Amino acid sequence: MHNKSILTKDIITFPTNRKFDMTLLGRVAIDFNPVDYFQTLAESTTFKKYVGGSPANTAVGLSRLGKNVGFISAVSKDRFGEYVTKYFENEGIDTSHIMTCQHGEKLGLTFTEILSKDESSILMYRNQIADLALEPSVVDEEYIQNSKSLLISGTALAQSPSRDAVLKAVSLAKKNHTPIIFDIDYRSYNWTNTDEIAVYYSLVAREADIIMGSREEFDLTEKLLGLDSNDKTSADYWFKQNAKIIVIKHGKEGSTAYLSNGEDYSIKPFPIDALKSFGGGDGYAAGFLNGVLNGWDIIECLEMGSAEAAILVASHGCSDFMPHESEVRTFIKDEKAKYGDMVARV
Amino acid sequence: MHNKSILTKDIITFPTNRKFDMTLLGRVAIDFNPVDYFQTLAESTTFKKYVGGSPANTAVGLSRLGKNVGFISAVSKDRFGEYVTKYFENEGIDTSHIMTCQHGEKLGLTFTEILSKDESSILMYRNQIADLALEPSVVDEEYIQNSKSLLISGTALAQSPSRDAVLKAVSLAKKNHTPIIFDIDYRSYNWTNTDEIAVYYSLVAREADIIMGSREEFDLTEKLLGLDSNDKTSADYWFKQNAKIIVIKHGKEGSTAYLSNGEDYSIKPFPIDALKSFGGGDGYAAGFLNGVLNGWDIIECLEMGSAEAAILVASHGCSDFMPHESEVRTFIKDEKAKYGDMVARV
Amino acid sequence: MHNKSILTKDIITFPTNRKFDMTLLGRVAIDFNPVDYFQTLAESTTFKKYVGGSPANTAVGLSRLGKNVGFISAVSKDRFGEYVTKYFENEGIDTSHIMTCQHGEKLGLTFTEILSKDESSILMYRNQIADLALEPSVVDEEYIQNSKSLLISGTALAQSPSRDAVLKAVSLAKKNHTPIIFDIDYRSYNWTNTDEIAVYYSLVAREADIIMGSREEFDLTEKLLGLDSNDKTSADYWFKQNAKIIVIKHGKEGSTAYLSNGEDYSIKPFPIDALKSFGGGDGYAAGFLNGVLNGWDIIECLEMGSAEAAILVASHGCSDFMPHESEVRTFIKDEKAKYGDMVARV
Amino acid sequence: MHNKSILTKDIITFPTNRKFDMTLLGRVAIDFNPVDYFQTLAESTTFKKYVGGSPANTAVGLSRLGKNVGFISAVSKDRFGEYVTKYFENEGIDTSHIMTCQHGEKLGLTFTEILSKDESSILMYRNQIADLALEPSVVDEEYIQNSKSLLISGTALAQSPSRDAVLKAVSLAKKNHTPIIFDIDYRSYNWTNTDEIAVYYSLVAREADIIMGSREEFDLTEKLLGLDSNDKTSADYWFKQNAKIIVIKHGKEGSTAYLSNGEDYSIKPFPIDALKSFGGGDGYAAGFLNGVLNGWDIIECLEMGSAEAAILVASHGCSDFMPHESEVRTFIKDEKAKYGDMVARV
């Protein structure tokens, strides 16, 4: 455990006087989670529908934590496109830059199989998918200028034209001094080979101020760089590019935030009765990034992230269960009362 | 009303000593029907999963009526493909000719919007769809030789290679004297223009012994033939090709079976409290075709078809609600007790 | 040798009072034939450009023999599309139903490798090809009504939408009593499997009044029919459908025309110093079909076909070298003077 | 005119002890140039075949000037693929990293229309093109390590997977301290929108040590950067990234090399009787880059580039007419004798 700590605003600052605290670029999709789980997806008969997709969940999380959120994506021209757009509007997320596809592209669907608390998997519908049809023309400079930060979800890099839209957004963010957060969010579905992954992940990572991912995701990103799959090496490499904060996650062993001043801080998961093994990352991102946008103490950012992750993996869905700040604080307080102040700290 | 009637076995006969009473070629898919209906699909939150797809429903219906049923189709290599295959096996339908796709094709999904008893619509996922990836090589002559009849669902004609597989099946059916039933089953989704529809529908219709469809479906089929959109004209035209029975449906006004001996017989819908405006056609096909395979009196065939249609539109799903023969007979008896013997007859 | 012979007009008749003697449906392309041949295509340095494509060559041949010719096809929106269209106009072929592609499709190119008199092969450019982009809407009924006969080139069946256009044309030809000539013209390039070939070839063959092809092409057509790869069996099968004349070619061993009255007549190749091993079939088709359109004695039709074939294989290109009638007659006379009256007869 | 000049080796240096002086990544194609020119391509009848494609021409040029040249590309599995590979081998260009496509991709073809000395245009065959099918796996680190410099032809960025292969090569070049030359070489054919062009051009330009292009090509590259379409602004911007030399071409008005030390040097075209309006750029690149690799005086590099450009536009083809050093020097000497020493200098 560190005796010391540091305010994140001493590590990274964001422009002021911009409308959106963060604009996220990436997919919004629909999750169908079984009500009658703990059996295979073939056997489950009844499903609840939720707005899903990693950056969409994080956007909802940030909005519920009080942030003003923009979103760049593409949706289908049907009731499902209507559903996610209205859901965003109800959550106070700006939908002015959500394009409606015109050529029969469909919103992604994720059917969740919850076999047990530890085993879950997903069946994805991502053929001729709306989100990867995002046109670069949707990314306009004014929107980037109006955003204090830009989050890129790595899945949006899987195919053109969405890939081109991401790279355009990164270019405009650099030009307009908008800090970039790269949430690697690897999904194998739409990629063709690991060289392709390494090329595009590293292009964005090189420009990013904050990079978040698992060890495996950093390995994919660094494949062509000759690094050694070590967290410290990774952090040092990216600090030499543009990064200020590198967050590397190790599942149940917790995660570590490396700072460009050479320090690093870790957090452990809160003990919790998990229902499913996913959704935690999106909650973590919302909790952690909200803190960083606020310039909070790094430990507080990590604790909020870890708490949101815990709340999410215990829930039946993702977006709908993103907590408000008071709920996170109550959760942390209850956990500390039960398990001690250091429950999540290292 | 006719005072006379006629046995269908005097109009059309089927080969004997073959393993399957009918083999159906066409899609099997999954229906997701909202539990909280009477609102838009965007608003519904909970969905029940059913095996769907018109020929799949009809296959289940026929199997429950005691027929030995074969099926030719292609499914996805995932839990959903596993689901529909196991469902068929449980229903006693032969799955030896259901191919598993290897290139990421997905099973079709149909999300149902039930706005009111009269207004329902569907949202289909049919991009890079498994059923239209059916390879001609799956259609083998021995399977056709083992079938007393072959049902072609028109949707399977929408794209190659499934289209090629259908035409191969038709060719082999002609060679092996297997009567062909053409259930037009028009779905606009995968077609590109009406000439294409007319070309392929008419190719199969020309060889069919029984053709079933709505007036609109016959019009699509006959677009290049210079007919006059009149039921009698249609029937006479197809009798000059290979047809023995032509069934033309007019929704709530009922339907008529034209026979190659010049007679025609009509049926009306049973009065019923409908829940949704679809699924009826698949029940009708099962009830009617079961009767024809049995050589029953034409009026009895029609009444069984109409009764199954009524049972289906009053149900939450399709396949799961296909009745056994005793249930259909009970339904008819109850309706007649309530509304009189002529309730569905013309 | 037959002592007897028969007029083809006693076997097949054509409608009168129609503008075009024949409308051909199929590809028009460009041949690049090396000037410095007898080496590999990699080594040849200089090429002559000719209008090519089997039905295009036959169309030019028929036009030069005095026939009024229509053509249905699709060409590229570039100088090459302009080239072939102008060439047709100069040859007096109607170009009103040659569609110009709008999505970057290119005219097919055929680079010929002439290694020796007996060994030649071709390298084809047929990716995103103009001719297979032919839309069914280009095939209009009035054009078919204005044609005394319709020739379908089998290559046009290789892919949709061209395939759909062919089947529409066949349907309209039947309706308007326009005799159909099916020139099988197998090219492996754009097909995916032999079931597909068999399905679509047999669909057209079944409706055709005249079918022309090699033994191998008939085998491809008959794959699903259970025949025995015997010429007489083939002819008898197709006579039971709609055929009046079946021409089966055996390369250097000659060819035989089977007639629906049970007779058959054969012809041998004229002895000639060949330059290349292709183009002969297109000349044969022009010579033979011109005779049949004129109702000539069957032996005369075959002799004219064989003579044109000989002239073509001795030429550097195809279309440009299609002879006028007087040239063919001079060729035959010269050959007979040199080799005797029975030079090509059996 | 400058009184001073500077050695390019004082501006940019290359690693020593590497096998290849330069490895070029980009297309190799075939040019078909009319022998009977000064008319439209529709009218020309005879064509000479040449190896073509901008980087292929430059590679031949460099090899003839004595450089050891590597090449990364993909070719068709046919006689044309064989042709260009053998041609390279005869020219002494390494072909170990030229992949052979396996899915029917074809080598690009360029048909040249030479209407007059000033008007020429091209008709390209680039559907399902071999060069853009280049797989990233072909780009191996050892090859980049063995190269003193890497030239990227911008056309290779037009589509994935070739685009991915370029970006991988750039990444490996940075890692291995291999200077990058970016020859923008804009061809509209395979691009979909100008954002896409700007994104990928600027990604490579940002890493390049030398960038060569026309004003229009720099404008395309800089579209998202907010520059002002001024040569000096462009040069200064790229010097702030990684560039050492920026060459901007203005056609008949000549071209200017901007150096990272703030100096700039210009050259004019040699007066010449041009035959066609293209090919000059590839000759220019060969002549100029050969000089830079040798560390020559910048004025000498430019003069050699301009001389090669002049020789090329006066020739019937490109690759075949790339001169040896003595020929270039003779050409310059002759021009100076005729027009004065300052004929091309500014």
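For clarity, chains are labelled A, B, C and D in written order, and residue numbers in each chain start from 1.
One rule holds in what follows: contacts are C-beta pairs under 8 Å (C-beta built on N, C-alpha and C of every residue); 3 or more make two chains touch, one makes a residue touch a chain.
Bear in mind that the values here come from a model prediction, so they are computed numbers and not experimental data.
The minimum number of touch steps linking chain A to chain D comes to 1.
Per-chain Cα centroids separate chain B from chain C by 42 Å. Averaging Cα coordinates per chain places chain A and chain C 62 Å apart.
Touching of two or more other chains is recorded for no residue of chain B. Viewed as a contact network, the protein chains form a single closed ring in which every chain touches exactly two others. Within the complex, the chain A residues that touch chain B are 32, 35, 40-49, 78-80, 82-83, 86, 104-106, 109, 111, 113, 123, 125, 127-128.
Residues 135-137, 139, 160-161, 164-165, 167-168, 171-172, 175, 192-193, 195-196, 198-200, 202-203, 224-226 of chain C are the ones touching chain B in the complex.
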